[in-house]
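Below, each structure is written out as structure tokens.
Two complexes follow with subunit A in common, the first pairing it with subunit B and the second with subunit C.
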Partner chain A sequence: MATTTLETRENRRAWGFVTPALLWTVAFFVIPFIVMAAISLATRKGRELVMMWNLDNYVTFFEKAHLLKGLFVSLEITFTVTFISILLAYPLAWIIAERVPQKWQRMALIMAILPFWTSYVVRSYSWLLVLAKNGVINNTLMQIGLIAEPLEMASTRSATVIGFVHFFVMLLTLTIYANLVQMPPNYRRAAADLGANGFQVFWHVVLPLTLPGIMVGAFLTFVLCIGDYITPQILGGNNELALPQIIMLQLGRRADFPMAATLSIILMGVVTLAYIACARWLKMERT
Partner chain B sequence: MFRHVSTGKTRNKLLSGAATFILGAVAIAHSAQATEELNALVWCDHTDPALIEPFEKKYDVKVNLKEYEGTGAGLSIIEQSRPGDWDVFVIDGVDVHRAVEMDLLAEIPADALPTADLFPEVVMAGNNTLDGKTYAVTEKFGYNTISFDKTKVDPKDMEDMSVIWSDKYAGRIAVYDYYLPVIGLVGLGLGIDTADLGADDMDAIKEKLFAMKKVSKQVGEVVSSQTALATGEVDILVGGGEWITAVLSEDKPNLDWVIPKQGGLRWAQSIAVMKDSAKPDLALKFVQYIMSPEGQARLSTSSCFWGMPANAKAGANLSDAQKAALRWDDQPAYLANSQLYPIPDADLDAQIQDAWVEMLQQ
Partner chain C sequence: MISSRFSKALSWAYLIALYGFIFLPVAVLVLFSFQDGRLPVPPFNGATLKWYAQVFADDRLMSALGNSLMVALGSSTVACILGFCAAYGLARYILPASRLQRGLLVAPMTVSYLIIALGLLSTFNWVGISLSLWTVGIGHVVINLPLCFAIIYASMGDHQKNIERAARDLGAAEWQVMTQVSAPMLMPSILAAFFLSVTFSWDEFIISFLLSRFDVTLPVEIWSMLRSGLNPKTNAVGSIVFLVSVALLLILELIVFRRTAKK
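Coming up: the complex of A and B.
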């Protein structure tokens, strides 16, 4: 009896702690999501919103090549950015965790995340100036005689990828670094004692143990990158449209809320698939 | 490009920066004390403090400005607002009827406007009035044509609209990201008057639109288009005009614009009072200020973009250099060789916007 009362009290306390977050999620995620899903089933006729409850907008998305291409552009950019960011972030995190003296590691991390401190928009415009025909890179390469004509870097997909990678390398560095410093050094020593060379230690011990850090960072990079509007808009020069840019066009120019809602639901579906693919490594509990 | 600034100049810059900051703070403090507020949905040329501050001081009012580009964007903002949120609306002259049909605009007493002082060609009574009632007044106009750097391209090439989809300047062309004027220009290049543009023309227009995208380097809004041309990132801007080059006339005399032999597009912006405004009298006073010779001169030389004032009397308030940059004396010829924007119905507008997104995805 006493145990039951205690359990009830514990349950009430737990609900007391959880309820504010739950209400917040219901009010600002679940309800808006339901409304958005409902609007995606409506139709825009002229300037009127007609609640017809059909899947026409979804059919239109798959029928119109320029809309579908937006999803592929987003996916291509996102996978490229995630891959390059991992390649760059891993060695950086490794150097900070293994080569930088412990007393300087905090400073090294602060230096690594310094770009986070500037405005996202300002940072994107700065890249535009760096990559422009008369920008820092082209001027330098021409002055040292490496190129005769300026390279076309601004207003391209490469510019978009560079802008994204600059941002996400920092994020991935943090998640991988957190994994690396938690790894007991004895694991590597034991592998070495058993005859493994440096590469084998890395491949069979270090990499598998840091995979959760890589996947958490990669998932965050994926989610933030695929939903981003600003970087492709500023650096891409409108030479191709990612899905968030098409969503903005539906809202800003056509006031076509049903199509914008449809595209947003599709984007959420893609993020959900990415979560399912990474779920194995995104578990919060330690095994 | 880096500029070296001497210590004295740096100090002066710092002092002037500090003075600007203090003046700004005083202005903010002043505006915070203003007794009334007016909310205006405008094009970026209205956000110049040199234009707005005289009105704010005279009427002790704070004018809150939100800028937008393209009527669709403006109407979208209004649809997402509550009735009464906006007092004044600046809109493409050709879209005034669209706003009236949506019951957005209030009637303006005809005798409250200086219509007799306007250039006759831009009174546009057919657009600004409906059923004998005036709902808006043209405040500024100009041309969407071809802007270019005359030191880098052959100006004669720019006199033919087909240059915008030819290979000759491939990779050196920027396109202004506003579908109506650019599609109108493409139509003119194909010999289709803007008033006649219809769904049957869309295939031909799309073909040339895609060809233009293939040879262009970027498609951007006002600021990025202007920056691209000014910094030499591109040499030609499709959809540009005096509104891009005039504001840079002192620093960039190499920039020029032309109306090709096929003609150009004339943009005209109108200003109106919102029907649900809670301050219609103050909103009308704002419209009257903008239409006064002083307001018109300030608006025509606004920091965002320059354009011809609709009120001919504004000429007395402009310097000779400003009038030269606006090509004041050439206006009769330009007006004769330009057409208004296309006015598509909702279905055609959707088709045109689809074509525009398709073009961007090429």
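Coming up: the complex of A and C.
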């Protein structure tokens, strides 16, 4: 008897510790999400929201070309960015892990992620300074006489991609580096002893073992990239709109909350699909 | 061997090229914050501090800076306390559905800030809560709580558990164990979680943008400065923000370093 009362008291105390955080998460994360999902089933009549409880907004999304295009623009940008970032980050992580002396590796990593700590808004603005019509690159190229007319680099998709790649190379370098240093050197030596050449060692041994790091980084890149408003807005401009830009447009000028909610739910659906696709590797990382 | 020397040279060239790419925008930002002219683009006309003086004389920017600090420190404190308590409860007691609880607590980490902001905005509109720095702070706790919980939870090992048990056997009450034994032992990771939260909140734009009205945070104020195009004053603010973040990072690094040195 005594033990049960002790247990219930212990139990109540434990709930006391956990409940505040759980309540906060439910009140300000779960409920808002449900509210937003409900609003996506409503429609806007003038300034009022009318609950329709139907999927009209979702049908509209697939019918209106400019909305659907936003999703494809976002997906294209995100895949391009993820691909280029991995290609650039892998050699960097490898060089830091293999060529940089051990005691300098930590420093090298800190240096590599230093610009990560500039404000998000400021980072995109900085790229504008570099890519603008009268910016650093155009200025330098014209000075050395490579081009006569300034190149149109700002307000293009390339600018958005450059801004994103800059950010995600830092992130992927970290996750891939973490994987590379965990790998015992014997594995590669064993493969080489068994007659594999440099490329074969990389392709059959090193790459598969670092795949978890790549996938974790790629997933983070995907999630952060596809949901970002700042970078495409500042660097890409209004020539072609990514999904988050369209969401913000619904909120601002059009004050169409139901459509903004619908697009957000769709955005979240895409991220969930990406999670399912990567789940295998994300789990491996955890154990 | 020529080929190994060649590959070595290639590695260093690649390293330098990528670091150049990573540092180019930051270098340009800081350099042209000293520009003695009206455009922060080449040619560099010489150094002046007048843009920094303008930043510090700008009331709107200064109050935005104050707001940012307030929101960052406040929301991180709340996130750390909630995160610590939850981690303590889940690591030290056996609770039903603890996996589900952990999953729920870290779930906001996997959702875009834009969606979290939009959800909160719809809810606040629906309930009739008007937007202010408080609503921004609530949003920042939502994004930082998973982080604080995960960091502190991960650092609660069995080693500390034994010390806590010893304290309890010696007659310490639960709150004494928590505040005088567990919290000091876990201080490095609590501080790491705190400073990481501060940097995230300090930097966060979309939640602050959608959930604030009259009083705004620094990133939102900088955003509205961007509408006037390229301006050395924006460079100056950006450089200040960068310096503050690097200072926070250094503090974090020193704490983490101290922890690893102790072990």
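For this structure, a couple of remarks:
We adopt the following convention: the second predicted complex is superposed on the first by the 257 of 287 C-alpha atoms of A that agree within 3 Å, B and C clash if a C-alpha of one lies under 4 Å from a C-alpha of the other, contacts with A are read in each partner's own complex, and residues count from 1 in each chain.
In this section, a contact is a pair of C-beta atoms (placed from the backbone, for glycine too) under 8 Å apart; a residue touches a chain by one contact, two chains touch by 3 or more.
As the structure is a computational prediction, the values presented were derived from the model and not from experiment.
Of the two partner chains placed by the overlay, only subunit C lies in contact with A:Phe33; subunit B stays clear of it.
In the overlay built on the shared chain, the residue A:Ser264 is in contact with subunit C alone; subunit B does not reach it. By the touch criterion defined above, A:Lys69 reaches subunit B but does not reach subunit C.
In the overlay built on the shared chain, the residue A:Glu152 is in contact with subunit B alone; subunit C does not reach it. In the superposition on chain A, A:Leu251 makes contact with both subunit B and subunit C. With both structures placed on the common chain, the touch criterion links A:Arg189 to neither subunit B nor subunit C. The wider contact with subunit A, measured as residues touched, comes from C rather than the other of subunit B and subunit C. Once chain A of one complex is fitted onto chain A of the other, the partner contacts of A:Asn134 extend to both subunit B and subunit C. In the superposition on chain A, the residues of subunit A contacting both subunit B and subunit C are 132, 134, 139, 251. Note for the complex: subunit A touches subunit C at residues 10-11, 13-18, 20-22, 24-26, 28-33, 35-36, 39, 88, 91-92, 95-96, 99-100, 110-112, 114-115, 117-123, 125-130, 132, 134-136, 139-140, 166, 169-170, 223-224, 226-230, 234, 244, 247, 251, 257, 260-261, 264, 267-268, 271, 275.
By the touch rule above, subunit A contacts subunit B in their complex via residues 46-47, 64-67, 69-70, 73, 132-134, 139, 152, 154-155, 237-241, 246, 249, 251-255.
Interface residues of subunit B, counted against subunit A in their complex, comprise 1, 70, 72-73, 75-76, 79, 102, 171, 177, 179, 217-220, 224, 231-233, 346-347, 350, 353-354, 357-358, 360-361. The touching residues of subunit C, counted against subunit A in their complex, run 8, 11-12, 14-15, 18-19, 21-26, 28-29, 32, 39-43, 82-83, 85-86, 88-90, 92-95, 101, 104-105, 107-108, 110-116, 118-120, 122-123, 125-126, 138-139, 141-142, 145, 149, 174, 199, 202-206, 210, 218-219, 222-223, 226, 230, 234-235, 237-238, 241-242, 245-246, 248-249, 253.
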